[in-house]
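Presented sequentially are two complexes of subunit A, the first with subunit B as partner and the second with subunit C.
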Partner chain A sequence: MRASLIALFLIFTAAAHAFEAPRSMATGTSGLLTRALGRMCHGFDLASDTLPCNPAFIAFKREGTLRANLFFGNNVSYTKEASDLLNERADEDTIRTLFGKQDRSEFETNLEAGYWGETWGVSVSPLRVNYGTTFRNPSLPEISLFASQEESLRGQIGTYLGNDLFIGLQLRALHRKFIAKQFFLTDALANEGTGFFEPENQNVLYVEPGLLYAPEDSDWNPKAYMSLMNAGIASRASPAFPSRPQFHLGTSVAADIGLGTWGLGVDVAWDNGMETDLEPVTVGSYYEFGILRLLAHVNERSNGLGFQVSSGFFNLGLASQSTTFNDGWGEKVTDRRLYLLLGAEI
Partner chain B sequence: MLKALLPSLLACVLLASCAKSEKDSRPEDQTSQATTHMERGEYTEAISILVNLQTSHPEDPKISLHLASAYAGRAGLRVENYWGFTVGYKGLFRKAPEPQAGPLIDLKGFESQAPKELRDAVTHLNGNLKEFYKIRRRLEQIPYVNADKRQDLYRALDAIKGHPTAGGRLYRSVLGLVVARSTIEDTASVFNSWSKRNYPLCDAEFRLLVDWIAFSAGVLEELADDLSVAFPKDRAEFKRAEGELKKVSGLTREVNRHVKEGAALCARP
Partner chain C sequence: MKTIFVMMLTLLMGVTALGKTKKELQATDWNSFEAAMQEAEREDRKTGWSYIASGALVTIGGLVGASSSADSQSKLIYGLSQGFGVAAIGYGTAKLSYGNEYNSFYDSIQGTELSLEQKNSLVSLYMENERAKREMIRKINIATHAAIGVLNLYSASREPDKDAKTALQFLAAVNFAFALSYTF
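This part shows the complex of A and B:
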């Protein structure tokens, strides 16, 4: 009887049709690894973004590295208009530029600098802008808009526990200014949009641990890991940006093959509140040789491909990611986006 | 064990079907269905859903706006048809110098025929058509919808008459502009035809002409009222324009009265 009741509960626990920002906007950070490898960035020890996705990797002893990255996607020219919208400087020209195409558009920009040292690291992102709109009804467009501007500071610390076990912890403090709204196009145009887009503010402190098992006595360098992301306390709850923890469990291998190193991994994620409790399984891979690194991932809702060139001081990367997400009205839409990374490293 | 599970399984089936039908009946889900039809160009199906929805939720402004857009869509109006003049078209009523245009009804042709009261009324009307001329030139940017499809635009206007939101009133003014532009173009065609026959007063075309001018003035009057709600900062300007157009409506009614009296004279053997 008890099992039946539990089964009933699980069957009918459907996700609420909440007006929620796309997951890529609401979680984590923006970087080449997160876009090209997707969730598999938690399973590889790749020094690319300012800090590792999985804080347990910070426990690997290494020389300190200072990094600064500028990461942005297509439509970056709208950054000014999105910023005007978020900072209540929008006027008729802003509305015309942002909504003139009456078609789905999005962009993402992140500026970050960090230090990745021996068992600890810190990074600061003074600006991360995310923007996305979807349109429906060609007669009188109804728009679903998400726009956010974040400043964040994160610190990681890790240590070796013995028996090939590493543990790490990331603390991430974030201030977010955002707009999450559904409206008709004429609502934005009436009264020149004055007072229509009122941004909300949210301060969040995330506590994100990671655990890694990495035995050294194998040519394949196997790893098994667990990590918890997006677990935090917000100054005010928001249905658009809920602090919904995402639990990762995965495994990876990496071996010297041919001229370079090849890595392959599997990540499984749980995120309650999604349509199913079990997120799609992500398979990711990379191959690096010399200054070049190739990256890819695939799962049911996303796939990505990218490359990175690191010449010692400069590094440059390009990634393409296709993602299926909720358009804000319960319909699934798929987008392919292009991202560019410009970085410097000391 | 199976016997123990059976009630639970039956409950599952019942609850699943209840959940599904409950989900389908929520206004936002039915609106989504209607919008999906509109995305596919199936406006009649969308209208059917939205008319029923409006009947059960008459106070919901979103539903009436969706319904108006479905009618407009069926009339052939898409956002790309009106986006160009919607952004910044407050200038439609701005005080801008306009080149002098000729009178709407040229008296030269029928001065000798028309009774004095009618001549006076038409002269007065021509003199008060400043706002009308200002709008008419700018109306040329706006799409034309032929008379067959215009019925849907009238239904759209009715669906959102007095809409409580500024955005809804702006959309209504857009529809009103399209109706006015289309009617004025038809009026111009009738006027040309009438003028070529030397302005016969005892003529159905003349009465049609006056009716259409009155109708257009009425539509523009409502349009000015809608814009005064859509742009509250410029309310005074739009109310001034509305006042001018009310005068035009009043004068066309006076002209119509004379025309009807004239029609009675025309009918005598």
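This part shows the complex of A and C:
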């Protein structure tokens, strides 16, 4: 009797509440560089994703390049179910497919095309899907669910200021549809998915500047940079996406060694959530020669390793990243995921 | 998702098949052409060896990765990588053996006893013909990508599945953007 009362209490009172989205899903864009290099992608002038992480690099004079990338994690088969959930098409089958295994899962998918030109660039992403779940209490499964679908448009412009200084600015407009919820599996099944998951909508305009110092008279090509990411104005505030502008300060070097180029850098980042889940210092490195680029990064909560193979038009890559994040109940969880990239470039 | 994946692969194969315009050598006379070719030959040797080394690493890595991976998407990436690796070894070998597209002309002129004036005249005529050829290739690429974009839009207009329609519209936009890029 007592156990039944406790169970009923849990069901009717603990129901659902919102929580903050995992940081990797709430910030920036999805791409091979951001997974393999982590925050160190702000310090290298690497042509991989459609536009540079640090908009100051757009100010470098270069030949215009058009890119189209499909980036996805290895649980991509659940994208349809996640999309059904976000677009209020979920039914009992959707619930069972997504949550039936009661196993922590996470994936993301990003489709993006962009033009990276001389001092300006633009990219469009008609589809970026992020999804993550954690479970607890197998006897009465409670689920922490985060799912989002974004469409975004980015524009970057940069210029040379003189004295080896470059400045850039990124404007990023996105529309986000998301669900951030904690609930009991029994509640979701009882509702057969109908009306239980009500996605929220949010429009955000980000203004993200970058500054770069890159003296040209050294074989080691040293660089020092500052950038500000995720500084934006949202159409409505949401606890799942709190305002968290993230400052970056870093330095890097890159030199011709052997048959290729080796780069090494350090990035220091901070925002107003750093005391809980952001490690400030990231060290990243890459080596590229011929058709191959090897990438890696490490900090206390995350590490990643990846490679990219490029034929000139067609490129593909694979990255493995381990991250420690909040499971929604205040517990830290460490996960390693695999991400893949297929891209075209002209 | 599977539809989007297949369409992206189709786009990528199509882009590859169309070919990319190679880097144009800048020269107006024999002396500047010879200097540019000597610099290009140094680059070709470095490029050749780097492609052979990276191609070998990618091929071996792809074989090991494909056999040890249980995930189908990863197996696809590793499998494709193997092909890239072997192609890179071939390309690197060709680079070391034959250099770039201008080497045949350069080697032919170098082996003659023509006067400097005659060599200058030949270089000037050759570069003019090369520019005309590149311009024709550029126009063909514009027309081809634009035609693919129109076809994608037509297919999207007749597609009932929303995800497939979105993917086709995206492919159309990408192809139109490719066509536009060739106008710069």
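We take it that the second predicted complex is superposed on the first by the 323 of 346 C-alpha atoms of A that agree within 3 Å, B and C clash if a C-alpha of one lies under 4 Å from a C-alpha of the other, contacts with A are read in each partner's own complex, and residues count from 1 in each chain.
Heads up, the rule we're going with is that a residue touches a chain if its C-beta (ideal position, glycine included) is under 8 Å from a C-beta of that chain, and two chains touch if they have at least 3 such contacts.
Since the structure is predicted, the reported quantities are computational estimates derived from the model, not experimental observations.
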Exercise for review: Could you say whether A:L249 touches subunit B, subunit C, both of them, or neither, answering first, second, both or neither?
Suggested key: neither
Check your understanding: Given the touch rule stated above, what does A:P141 touch, subunit B (first), subunit C (second), both, or neither?
Key -> first
Practice item. Would you sort A:L70 into first (subunit B), second (subunit C), both or neither based on which partner it touches? Key: second
Exercise for review: Would you sort A:L305 into first (subunit B), second (subunit C), both or neither based on which partner it touches?
Suggested key: neither
Practice item. Classify the contacts of A:G330 with the two partner chains as first (subunit B alone), second (subunit C alone), both, or neither. Key: first
Practice item. May I ask you to decide whether A:F183 touches subunit B, subunit C, both, or neither, giving the answer as first, second, both or neither? Key: first
Practice item. Give one of first, second, both or neither to describe whether A:K80 is in contact with subunit B, with subunit C, with both, or with none. Key: second
Practice item. Show which residues of subunit A both subunit B and subunit C reach, each in its own complex. Key: none
Practice item. Under the touch definition given earlier, write down the residues of subunit A that touch subunit B in their complex. Key: 1, 4-5, 7-8, 11-12, 14, 17, 92, 95-96, 100, 102, 136-142, 183-192, 194, 329-331
Point to revise | Interface residues, subunit B side, partner subunit A - complex | key: 4-5, 7-8, 11-12, 15-16, 19, 28-29, 32, 35-36, 38-39, 43, 65-66, 68-70, 72-73, 77-80, 83, 86-88, 165-171, 174, 230-233
Check your understanding: Which residues of subunit A touch subunit C in their complex?
Key -> 64, 66, 68, 70, 72, 74, 76-77, 79-80, 83, 109, 111, 113, 115, 117, 124, 126-127, 259-260, 289-292, 307, 309, 311-314, 316-318, 338, 340, 342-344, 346
Check your understanding: Taking the complex as given, what residues does subunit C use to touch subunit A?
Key -> 1, 4-5, 8-9, 11-13, 15-16, 20, 46-47, 49-55, 57-58, 61, 65, 71, 73-74, 76-78, 80-81, 84-85, 87-88, 92, 163, 166-167, 170, 173-174, 177-178, 181, 184
